[in-house]
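The structure appears right after this line, and notes come after that.
As written, the chain order gives the labels A, B and C, with residue 1 at the start of each chain.
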Amino acid sequence: MKRRLLTGNGAAAWAARLANVDYIPAFPITPQTEIIESLADWIDSGQMPGRLVTLESEHSMLTAAGAAATTGVRVFSATSSQGLLYAMEMLYTVSGWRAPFVLVNVSRGLSAPITLEPDHNDILAARDSGFLQIHCATCQEVLDSVLLAYRLGEDERVRLPVLVNMDGFYLSFTREPVEIPKIEQVAEFLPPFQVGEIRFRASAPESQAVAVLGGGPYSYFRYETHLAARNAIQVYAELADEFEQAFGRRHEAVECYRCEEAEYLFVMIGSFATKAKAAVNSLREAGWSVGLVRPRLLRPFPDTEIRRLLAGRRAVAVIDQNISFGAGGVLHGEIAAALYGQPDAPPVLASFIGGLGGRDIPAEEFYQIAKVIRDAAEQGETPPPRLLYTGTELRETRKLQAIARVERAGLGGEA
Amino acid sequence: MNETAFKNVKSLPSSHLLGTGTPMCAGCGGLEALHEIYDVLGENSVFVNAAGCMTLLAVYPFTPFRGSWLYTAMASAPAGAQGIRDALDILQQKGEIGPEEDMQVVALTGDGAAYGMGLSATSGAIERKLDFLYICYDNEGYGNTGQQYSGATPHGAKTATSLGLSGFAGYKKPLFDIWAAHRPAYVATVIGAEPLDLARKIEKAKALKGPRLIIALSPCPTGWDFDPKESVNIGKLAVKTGVWPLKEYLDGRVVHTKLPPRRLPVERYLETQGRFRHLFQPRRQEALLAEIQQRVDGYWEGVES
Amino acid sequence: MYRIRFHGRGGQGMKTASRILGTAFFIEGFEVQDAPRYGAERRGAPIFAFVRAAREPIQERGIIRQADLVVVADDTLVPVPAAGVLAGCDAQTVLLINSHQPTEVWKERLNLSGPVLTLPAHEEVADRAELPYVGAACAGAAARLSGVIGLASLEQAIGEELGHLGDQVVAVNRERASRTYEMLVEQAGLVKGERAITAEDWQAPDWIELPFEEADVSAPAIHAGLTSEALKTGSWRTMRPLVDYDRCNRCWWVCSTFCPDGAIRVDEEKYPRIDYDHCKGCLICVAQCPPHAISAVAEHEVQSEEAVS
């Protein structure tokens, strides 16, 4: 094994190379483009086999990806943000084809207003698509998760496409030490794709993705997809063991960082969770009983494990890097649903929304969140949802609004 | 390409490959064209279908195809064809399947997808020189949703979204020209009512590599409002009046494969269909009829000169 | 943990600098994180890149607010607010400016609580956008200031990062990096990387409740034209076009029409007037002027003359 500095994009490209993918339908979009550029370069220079085809849109890219997977080759693709949304019809469609392949999404905030830096509204828009979702916090995890994702999606108990998510900029353009396993080692962990009975061959007529009329058969097919996704919880658990044996790194479905016996927990997904880890370390040094719970697997939702990890805590802060307009943080709602009715559920489950469009969450905000939930636990009352947004930021925004000729009369409470 | 197996109508296939039992309307000109095409193309084919009337050709667990089928979505059937074509090539290159397992990859869409939503995907596939056959069954409107006007609807036609006295205000988009401008391997117009012309074109297309695109005008009893038994007659009239020129693009040249010796007045075609009835009743709309005739005449002047 | 920022202009190799330094730390056995910071900016515009290095896994992410070392490749950026060179600089921040001006001048001008060093890392060139090898020079200097990177590791890092460009490029970059590395021998280890981050005491963020505001206000719409003129893109310029009005034949259209930024207006006498607040220094006007009445001069030279006068 070789350890070297790689960006998240580089790690994703390496993973596709190690997974021996046959086919890469592609379309450029910032901040994902470096992935397909690397793969195109390796294929052109003969460093890896495979075929890369640039389609004319992400919608077509996903269609080609699914169609090739149903024909029986191993497929990799990558996109981001608006591209994921442009492909959204096909995300929902190809999962129903039960065609396993891996799609890396490099998270970036959605339009409007259009922006460059990350949050998770793009990937969460695909939450109900039938793609499984693995969320990464480091560049190493990006590489490892793509390999895991092929095993997971191709498993006969699952047979679903998998999205591996990383944050734009914070992972995509950031280099970190990444261990690149040997290709022989990967081949042992990840044998060639066994397409099974669903494929296109002249000798075996096959009609795929066929229409149904009537809710009875429709419900059957859709619920079977759900059951396959649920199976992925058990399959993932087995794979985590196997992966650890093969490569020496363990990636639990839900990471639990210094949370044994912690009275207070942060819950979050993605690369900002490592910032929460840094805050946990500082808080621990200062005598706080704090830890972090980080779901890596978001679909299927590891509810049993989350219930187990959150049980008996005094207070939990869910930090959502997304916003469901008119509802709030998506993860908070999902965690609350998992905990409902549990006798030992934490009495305080507070919602924080931060990091939208790449807005930083500095250490002192994590400290303050810890303080807020500790105070809430003492008072026995969950605080209202909180946007991580400061008076300083509003004043800066007011300066921009002044340039945009926004009438001051229309402005609410002045900061 | 002078040798054709289809010397005359007697040499057309007498046994048919496409299965019965589909939910297409009785008298469907699109299904007629498709089964004629399928007879020539053969079962070594995988059809990649876009949303449209023919989505329902295969309804679980019933399929009329002897070969294979993949339903995609309205906009991206050519991209689905790309994925299957590339995968079959890759599998052969890797030696995982032999050439006997290979198939013709066929995109099958209606005019709604071909003229509109899927045009970008088609343009991309042609530009990538995708080796595939594209069949558009053109019934000149969004038929599966109740015949609203599409980019393929002819001027003056009544549709569910052009119910006024003048019918559809726009003009049928020149898809043949748009496709041919990409310089693909082959483009042709066909119609089920002219089976010999159709068979020869599919025979030709089948032998070529690269993008091969076919538009089949598809008389539609439901959407055009006529008695199903008139479907072939109306198709023949479309050719005889010059409304539907039968032609092909090959090697940079457009050739008309059936020149109507004496074109019949366009009215003869229009009056057969309820969608044009307002041109005649309660009173004749002379100006509109003249305009439609002039446009057809203008087209053929360009051809015959 | 070492937290180091490199500031330069698009095209000056700050990403390369951060990668060379990151790799050099990595070779020395450190955990490393390095990244460039891209925006919508282009060649000549201020950009920065950063490196974190530590003996234990790095959990921090994103921009470095308070750096142990700030390296500035182009001294004309120091006074540009948008460049953010001085952001978060405190008593524990070492500021290293690549400049031919004496250290004392910068100390006096900036009046910072932390150490200020200068490094004449390059022979002066007219067009600073072409500043050659300055990335490697900056990386070499930073490596020395850290006190934990050996010359061999630095040279190996340059080989790894620039090897794809050929042996000649590697050799020159190694030579430049080792030169600055040697120049700062006295200051080895000046950058300590010992800034403590603690939750013992912190300043509570001034969180606010965002008020509802009507869509007229709260939609991302600009209710006026021409507001982009508030952006002084003249700061991207490394070369300045100067009009010799004696040679100008008052054609009144060539330079003004071809200027992509519309930064040249024609006055009533039909003489072109260049808007230096917005001229990016592309020099199309210099290339197109029929009587060659527009010439290019180095921006940094004009600026130092202006500073003197």
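The definition used in the following text is that contacts are C-beta pairs under 8 Å (C-beta built on N, C-alpha and C of every residue); 3 or more make two chains touch, one makes a residue touch a chain.
Only a predicted model underlies this, so the values are computations on that prediction, with no experimental measurement involved.
Chain centres were defined as the mean of their Cα atoms; on that basis the chain farthest from chain B turns out to be C.
Relative to the whole-protein C-alpha centroid, the nearest chain centroid is that of A. Once the centre of each chain is set as its mean CA position, chain A and chain C turn out to be 34 Å apart. In this assembly, the C-alpha centroid of chain B lies 60 Å from the C-alpha centroid of chain C. With centres taken as mean Cα positions, chain B sits 43 Å from chain A.
By the touch rule above, chain B contacts chain A in their complex via residues 43-44, 46, 48, 55-56, 58-61, 63, 65-73, 75-84, 86-91, 94, 96-97, 100-103, 120-121, 123-124, 127-128. Put simply, chain A touches chain B in their complex at residues 22-23, 25, 51, 53, 55-57, 59-61, 63-73, 75, 89-90, 93, 97, 200-203, 205-213, 217. Residues of chain C touching chain A in their complex: 19, 22-23, 26, 31-36, 38-40, 58-63, 65, 197-200, 202-214, 216-217, 220-224, 227, 230.
Touching chain C in their complex are the following residues of chain A: 4-5, 7, 112-113, 116, 169-170, 173-177, 271-272, 274-275, 277-279, 281-283, 285-286, 288, 358, 360, 362-365, 367-368, 371, 386-392, 394, 401, 403-407, 410-413, 415.
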